[in-house]
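The following pair of complexes shares a single chain, chain A, combined with chain B in the former and chain C in the latter.
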Partner chain A sequence: MGEFWEVFQRHLPEFRSGFYITCRLVAMSFVIAMGVGTIIAAFRVAPARALQRIGTVYVEFFRNIPLLVLIFIFFFGFPEVFNIGPWVAGTLALGLYTSAYIAETLRSGVFAVGKGQIDASLSLGFTYRQTLQKVVLPQSFRTVIPPLGNLIIAMIKNSAILGASALAIPDLLKTGRITAALTANAHASFFWAALGYLILTVTATFIVRHLEKRLAIRR
Partner chain B sequence: MMDYLFAPDRWEWLFSGNSFRFLLDGLIVNIELALIAMALSLTIGLLLALARIAKNPVIKGPAGIWIDVWRNLPLIFILLYLALSLPASWKQAYQDAAPTWLPEAFQNGRILAAVVGLTLYNSAVIAEIMRAGIQSLERGQGEAAAALGLPYWKSMRLIILPQGLRRMVPATVSQLITLNKDTTLISILSIQEVMRHGRILGSCLPFTCGVEVPLLQVFLVVGTMFAILNYGLSRLSKRLEIKQRQTTGIEVEKVTGLEDQVALDTDTK
Partner chain C sequence: MVFKYTPAPMGGSSSNGNLVEFDHVKKAFGANVVLDDINLDIRNGEAIVIAGPSGSGKSTMLRCINGLETIDSGDLRFDGRSVAKAGKGIYQLRANMGMVFQSFNLFPHKTVLDNITLGPTEVKGLSEQEAKERATSLLERVGIPEKADSYPADLSGGQQQRVAIARALAMEPKLMLFDEPTSALDPEMIREVLDVMRDLAKSGMTMVVVTHEMGFAREVCDRIVFIDEGKIVEEGPPDEFFTNAQSQRAKDFVDKILHH
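Then we have the complex of A and B:
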């Protein structure tokens, strides 16, 4: 146990910076995923058939191919056209990968509000804008938050792939590997890195569970 | 840009020599690994799920912690840790014991870390999926079985498990999609599978291969292979989920923190 503690004390700054980098990767990718996901969700519910089709193909492609393949495509694929750095390639890959799931979540959130409710509020004399504001969006929001939280948990875990692949971003996992090589103590350094990941994912799980209960719509 | 993607000379490699065959050979390793890991995860996952719903707190507590730790760690983290910390003697022992009819990639000792890692992570996930399926049964089922005088294990085997496990089939198929994608991670452990084969193809120079092999096109092909395979699986799991809901009228709770479980949930709504 003493060795574990020693590794922690000596390499705390590295672990801390790895922890922040993992958080930053997740945050940046989430922004990309939300932006693109919203656009694709709009495509999926658009009245034009062609747009719907584009949305469907996008979603099915990005969510069914491995994240590692996406990373390779962005990082190695365009050396002559635009040479993008590991951060851009990594967050773009993780962001676009997750955007497909986000698009589906948002789309199902819109459809979660029954058409009957919209008809009812319109016939009660609400304007279209009021209907959206007071009836549709509050309910969509409540149905969408728990699955979005789930996707963030998945992103935290997937972000480790960025650090492990050829991108060599010094995130929590990479820090664990470097420390393992420096101290020749794989168990201790991976233990502390694992603790970092567990802090993130377990906290997020608790928040999602809590929100799921609080936001549940009783029908 | 369009030219960069679609210019015919950038695609020529696909139809020359054995390139496509070479990628396909790699993909087969991934599929085999996914199936082996799935078979192991289903067996171990069932045991873990039973331990987690046990009445005895000495079994229940540790099983819960075990499951929550493994499914909340990144898979690649588990794989790299095992690759580093599994004793070399185990790998050697595996290599000596591996029968020669196994595919080449499976005879190497490195595959041990891959199989163990994939199983550790996925058995924890499967255990949670199974637990959700079992707990979605009305309590009356178990109580009725007890009232009929069936002992715990008999009511489990005859009443609870057959119904509970049927409900988790769609979610398991969804998890197989994730597992399929995750097998590419073992390329980081330098096991010869589809990603490695892609890199080998891409490093091929025009004067040895006769054609230019751009990495972009290689990985687009690899990605498309996975997309087709997993699209089929996602359609299957969606159909099973809808059918399951029609027969039981119950929506089984999805396991948190997994993207393809979220997808299954939103797909069928």
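Then we have the complex of A and C:
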């Protein structure tokens, strides 16, 4: 136990910075995933066939390619198209990958909203877009908070793939690896890295539970 | 970004005093002909009840008026403008007619007050403050001002339906459509909703009501339209309909309802 503690104390600045970087990666990917996921979900349920098809292609594309391959595509692939640094490449890959799952989850939430809600909304003179924005999506979000939470937690864990890939982003996992090499103590190094991820996922779980309670639709 | 249209002046209904005109309206779902050559004029200020057996097309008639269902042929005009050919104008037409549903369909994620202010602020461009004032006075009118901050799930069925009526009225509609507004209610709550509707009719609102409440029909409405299998079988003042129906089908229907 003593050596665990020693590794932690000696490399606290690195772990702190790794933790902070993972937080930033997660936060940026989260924004991309939710934003794009919502738009794609709206496409998937739009009355226009063309939009539906774009949504379907998008979802199938990003769901059916391994995350690591996506990261490589963004980072190495077509440099003249994606002339972007490791941060943008990494968060885009993780964010867009997750957005496909979020879109599908939101879509299932949309279908859980009763047809009567849409009738009521349209009867007030709302356009389809207003109906989606003001009536359907807010309810969908609320009903899919638990599965969305699972996706966010998966995304936090998947962020380690960014650290393990060629991006050279010194996130928690990467910090663990560097520390392991420096101290020759892999147990302790990865223990502290794991604890960092645990703190993030447990916090996310807590926030999700809280949101679920606060925003629950009483029926 | 919120879509808002600029309200255009409404059409020339005043020329003949009709607010709604069914003109040889046909509507089918696949092979199932649901409205079969419907002709009906509804005058400004008139309250009519649509009656008929289950599946006869009553709900479909209402839903065609505000364009929730499209018609296959003929024409349907509201306030002098064709609903069928309205295109994007349908949103503006709908904003000028309210609809009340059997299952209330309040927005469960919004408070009672927000349910009522949503339409006026989003569609009619009212400020939050104006909409709130309007909602508050409507809640008083339907008798539940104290429920403004409650959520729909905390209200009884009768209260929910009165909120739904207030929500529709907040748009200051020219026409109110009611699709079996009391059918989902416990008997002791039916009255409170019918009372609101009666007051509304008295105030001169044009109303089209699908209901099995024949007491209400008799007392409040100007005309009963009896439909069966998508056709208007009979129409006339309620007294005549109840005591002196011409067709056998209407007679059977009255018998069944009155001796139930």
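Convention: the second predicted complex is superposed on the first by the 175 of 219 C-alpha atoms of A that agree within 3 Å, B and C clash if a C-alpha of one lies under 4 Å from a C-alpha of the other, contacts with A are read in each partner's own complex, and residues count from 1 in each chain.
One rule holds in what follows: a contact is a pair of C-beta atoms (placed from the backbone, for glycine too) under 8 Å apart; a residue touches a chain by one contact, two chains touch by 3 or more.
Quantities reported herein were computed from a predicted structural model and do not represent experimental measurements.
Trainee: Applying the document's definition of touch, where does A:Gly77 land relative to chain B and chain C: first, second, both, or neither?
Mentor: Touch status of A:Gly77: first partner only.
Trainee: According to the stated criteria, A:Ala204 is in contact with first (chain B), second (chain C), both, or neither; which is it?
Mentor: The answer is first: A:Ala204 touches chain B but not chain C.
Trainee: By residue count, is chain A touched more by chain B or by chain C?
Mentor: Greater contact footprint in residues on chain A: B.
Trainee: Determine, under the contact definition given at the top, whether A:Lys134 touches first (chain B), second (chain C), both, or neither.
Mentor: After superposition on chain A, A:Lys134 lies in contact with chain C alone.
Trainee: Considering only the touch criterion stated at the top, classify A:Leu122 as touching first (chain B), second (chain C), both, or neither.
Mentor: Only chain C is touched by A:Leu122; chain B is not.
Trainee: Is A:Arg24 in contact with chain B, with chain C, with both, or with neither (first, second, both, neither)?
Mentor: neither
Trainee: So in the complex, the part of chain C that touches chain A is made up of which residues?
Mentor: Interface residues on the chain C side: 2-3, 66, 68, 91-99, 101, 103, 105-109, 118-119, 122-123, 151, 153-154, 164, 167-168, 171, 177.
Trainee: Please name which positions on chain A make contact with chain B in the complex.
Mentor: Those residues of chain A that touch chain B are 60-61, 63-70, 72-73, 76-78, 80-81, 98, 101, 104-105, 107-108, 111-112, 147, 149-151, 153-154, 156-161, 164-165, 173, 176-177, 180, 186-187, 190, 193-194, 197-198, 201-202, 204-205, 208-209.
Trainee: Which of the residues in chain B come into contact with chain A in the complex?
Mentor: Residues of chain B touching chain A: 1, 4, 68-69, 72-77, 80-81, 84-85, 177, 180-182, 184-185, 187-188, 195, 198, 202, 214-216, 219-220, 222-224, 226-227, 229-231, 234, 254, 256-263, 265-267, 269.
Trainee: Touching residues of chain A toward chain C in the complex: what are they?
Mentor: Chain A residues touching chain C: 114, 116-117, 119-127, 129-130, 133-135, 138-139, 142, 215, 217-219.
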